[in-house]
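You will see chain A twice below: alongside chain B first, and alongside chain C after that.
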Partner chain A sequence: MKILTTSFLTCAVKACKSSPLSFPLHYKDAELEQSDIAYNPRFLINILPRIDWDAVRVTATELGFTVPEEKPELPALDASSSTDTIEPADEKTLRELHTLLLETEVREGKLVCGNCGHEYKIKEGIANFLLPSHLGEFELFPFCFLH
Partner chain B sequence: MARLDRHDPIKVAVTLENYLGTMLPTPSTSHVNSDRIYEPAEDSFLLLDTISSPTESAFLARRFAHNLEVPLVLEVGTGSGVVLAFITAHALEILGRTDVLTVGVDINPFACTATEQTVMQACRETSHAMYLGCLNADLSSCLRHGVADIVVFNPPYVPTVELPRLLTAEDSNLCAEIDAFEQESRLLSLSYSGGKDGMEVVDRLLDELPLILNEERGVAYILLCQQNKPGSVAQRIEDWGRGWSVEAVGQSGKTGGWEKLQILRICRIGVDEALGRRPLLH
Partner chain C sequence: MSIDYLVRFVQVHETFRKPELEALACLAKISLEFLFYRECSPFCIIRLHDEKAAKALISRSVLSKGIYELWARATTYEELHSNIKAARSAHWPRYASSSFRFDIDVYQGSHSASQQRKLIESFDYLGFEGPILMKQPDQIYSIFEDYDWSCPVPKQIYFGRWIAGSQRDAINTYSLKSRRYLSTTSMDSELSLITANLTLAAPGKLFYDPFVGTGSFLIASSHFGAVTMGSDIDGRAVRGKDGRNIVTNFQQYELLEKYLDGFISDLTHCPLKMGRILDGIMCDPPYGVREGLKVLGTRDGSGKEAVYINGEPAHMQDKYIPPKKPYSLEAMLDDILEFAASTLVDHARLSLWMPTANDEEIELGAPIHPCLDTISVCVQPFNKWSRRLLTYQRIPEHEIKVRSKPKTRTAIEGSKADDLNAFRKRYFQGFKTQGEPERSL
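Right, the complex of A and B next:
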């Protein structure tokens, strides 16, 4: 699973969805693997509007990466517009994002919900969001009563 | 059993238009263990043929070419991964662009693993969409609201007396204790059993659609069989109101023991579209 996936994930427990604490899910004991993907600045720039920057910063920190405090402000690019005009500082950020979001795969570990504390296991690159049977039926997690 | 890489389009009773769209190669799924994962069949191929048909790809390209933001395609219930791999590998032909994200979900963990492999194999060439991964989950339960621009679902649609119990976290430690045969037949049963009218799983996904689909551009392709009463499903969606349109965009006749299948395209329509040129329904 690519790290970028984290930008689209939340806790599978219904009651958690409305809580801001359920996003992003938090990595624990993550084992990562780097793959090699061609750097494509246009693609990255056009993904930016879909990304919650604060969440990416949380994820980056948990996984030992760094991204700048501010989301680079780059207008979306169509196929004909040139990527030559990207400022060196933005270029650096885009490359960091490329490495973190697209080239890094999580092989093993856990994703933890900040609201209910539920831990979703990742095994051999597949994250498992199936809920324990008591949760599936009642859509409540016992820990939820604690806060 | 040896499988053909390229399915025989004559077996699928598609329209001429759809037939012309089937020039794109079908991903290989020869590694898929059919004892526990749904093997590509007429329904899978109808979905591929419909999405890549000239009319649908023109519709999708129109819808997604002008917005520069990268669209996300979600396949629910990937099984072998044949559909997701097809869309990922042929994003340019289908959506008119390769800067597209694709992600899959299946309740069957073996299907998730198979999907990873099918997508990897189909995407060896350079120009393809960006595949994020396949998640082991129930429908769209683990995804944030509004993230999907396109949802594709070939559901378990066969009417059955009972629905198999859904897999839970405990089950996915699929261990030796459980009888392998029993486990496999449950996984296969999950791939086709639709409960009452074959609609129990589809109904749950329809409930999730308004939440998961992008508010302006969202489109879903859902495959149904005759016993699912596609006409009344379409009627129900029309009742969602003006912001939605629904159309049957692909069908196959009765062939080789298969009953008639149909694909509904359910899409959000923008305010101006709703007021002005609302597409005519069937």
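Right, the complex of A and C next:
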């Protein structure tokens, strides 16, 4: 589970969606892995406006990274322009975003909902958001706080 | 200035061909006008701004072989030659010394070698003096003949100069025959690539498949440059088996950098935060031909009690498989469209495969949504059933004039739940014949 993906995820329990506590989910016992992924500035520039930066900051801080308080501003890139027209300062920002959002992955651990406390396991980088039947279809039951 | 071009389509998946070309024109931001198109013919005439547009258009096409500058069309050779002389003689000197070759492309007809030689010689008046090269000549000229089935004379003859080739080689590159991680429901590479084209996959975009299976759609859209993620209710599909999974498929094609993530989830309880974050959604939902549709939840409404095994709640254990309950086809389609409307950015597309009963009283209507324009409906017929690919485009917020209560389905006879069940019964039990894709998950 990459940091970018994490920034798009909330609790799967319907009753939690309206609660601000359910987003972002919180990592617990996270084992991180850093990998080398081809730098893709076009993608970053496209996706950055859709990212909730506060959520990224929460996640990054929990995992021990430091990120700027404000979302970095990047120039728009139109389809015809080439990516080598990027300014050096923007390039540095993009590389940092790339490392944090796409090259950092949680391989093992849990994602925890701040509202209901439900834990979603991550194994080999794959998170499981399937809900037990008592959460899937019905209102939340109190004993779920127990684990 | 506008120029007429001949697109040499393949004569398969006919109803997908025009929508594919229109999608590619949309992607390349070029204007495209169809002057001649018939489902029964592989030859299509279009009008484009210039040669650059022609190359941009066809370079990603899966359902065509190439594009030609059209020099003339006629019903007889006499007429063809006179049309070429009238319209094109000013251009000949430009190609006089280029190396070249002639191709003869006959649909539903044939010529002997000597007839072919004779035919090519009849174009001698063009005055091309460059060397004839079979391999990579500067110019390729092609004579096209379009015959009606078992008719002695062609109904149409075309003559054109080769401009550019298509993306058809990718069908082989991604062939399921050599793919290492597969299931019986994996979409073949040709249809996956076409789906990616219709959904406008391109570099910089984020694509998602909520019924990812073994990742066929993700691979196809990443081939066109999109960054992709997927999820599936079936954890086995996402995790894979014996060291083979979606990730190893991406590795096999050297596309791993385009794979964002896979996770296990159910569309009705999707953990994606509702927000306009996606550039494309492609899916072939499991309509449960064999097992019936399933979502999480128990059939009888029980399951409110947590089950404990060895003191730990059962649902927290690794082996836990949540109970599933039947899910109506209608409800699933509505959920997919609603999800797409909430998550796609303006002008982004959803491509959705669904079965259709085409031979009897129950035909399923294409679902509609007030925030989504229906772009195309393509049909893939099989022997006893057919399925179709529906493509939608997210309407920008300010253009959605009537935000009345969504009418989610076009009125179709027999689309009530009971009828659907009847349809499903027939569909599930019935008429699977050899060579048709298995429909189960």
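Please note the rule applied: the second predicted complex is superposed on the first by the 125 of 147 C-alpha atoms of A that agree within 3 Å, B and C clash if a C-alpha of one lies under 4 Å from a C-alpha of the other, contacts with A are read in each partner's own complex, and residues count from 1 in each chain.
In this section, a contact is a pair of C-beta atoms (placed from the backbone, for glycine too) under 8 Å apart; a residue touches a chain by one contact, two chains touch by 3 or more.
Owing to the predicted nature of the structure, the values given are computational and were not obtained by experimental measurement.
Engineer: Let's test your reading of the overlay: on chain A, do chain B and chain C clash or fit side by side?
Structural biologist: They clash.
Engineer: Which partner, once the models are overlaid, touches more of chain A's residues, chain C or chain B?
Structural biologist: Comparing touch counts on chain A for chain B and chain C gives C.
Engineer: Taking the superposition as given, does A:K2 touch the first partner, chain B, the second, chain C, both, or neither?
Structural biologist: After superposition on chain A, A:K2 lies in contact with both partners, chain B and chain C.
Engineer: Considering only the touch criterion stated at the top, classify A:R42 as touching first (chain B), second (chain C), both, or neither.
Structural biologist: Both partners, chain B and chain C.
Engineer: Report for A:V58: first if it touches chain B alone, second if chain C alone, otherwise both or neither.
Structural biologist: neither
Engineer: Touch check for A:F23: first (chain B), second (chain C), both, or neither?
Structural biologist: both
Engineer: Should A:E124 be classified as contacting the first partner (chain B), the second (chain C), both, or neither?
Structural biologist: Both: A:E124 reaches chain B and chain C.
Engineer: Overlap the chain B and chain C contact sets on chain A and report the shared residues.
Structural biologist: Of chain A, residues 1-2, 4-5, 8-12, 14, 17, 23, 38, 40, 42-43, 46-47, 50, 77, 79, 102, 120, 124-133, 135-136 contact chain B in one complex and chain C in the other.
Engineer: Write out the stretch or stretches of chain A touching chain C in their complex.
Structural biologist: My answer: residues 1-2, 4-5, 8-14, 17, 23, 25, 37-38, 40, 42-43, 45-47, 50, 52, 77, 79, 102, 119-121, 123-138, 141, 143-144, 146-147.
Engineer: For chain C, which residues are in contact with chain A within the complex?
Structural biologist: Chain C reaches chain A through residues 29, 203-206, 227, 229, 231, 233, 235, 238-239, 256-257, 260-266, 269-277, 279, 295-298, 301, 303-306, 312-316, 318, 320, 322-323, 325, 345.
Engineer: Under the definition above, what is the set of chain A residues touching chain B in their complex?
Structural biologist: Residues of chain A touching chain B: 1-2, 4-5, 8-12, 14, 17, 23, 38, 40, 42-43, 46-47, 49-50, 76-79, 102, 120, 124-133, 135-136.
Engineer: Which positions of chain B touch chain A when the two form their complex?
Structural biologist: 68-70, 72, 97, 99, 101, 103, 107, 109, 112-113, 116, 126, 130-138, 141-145, 147, 166-172
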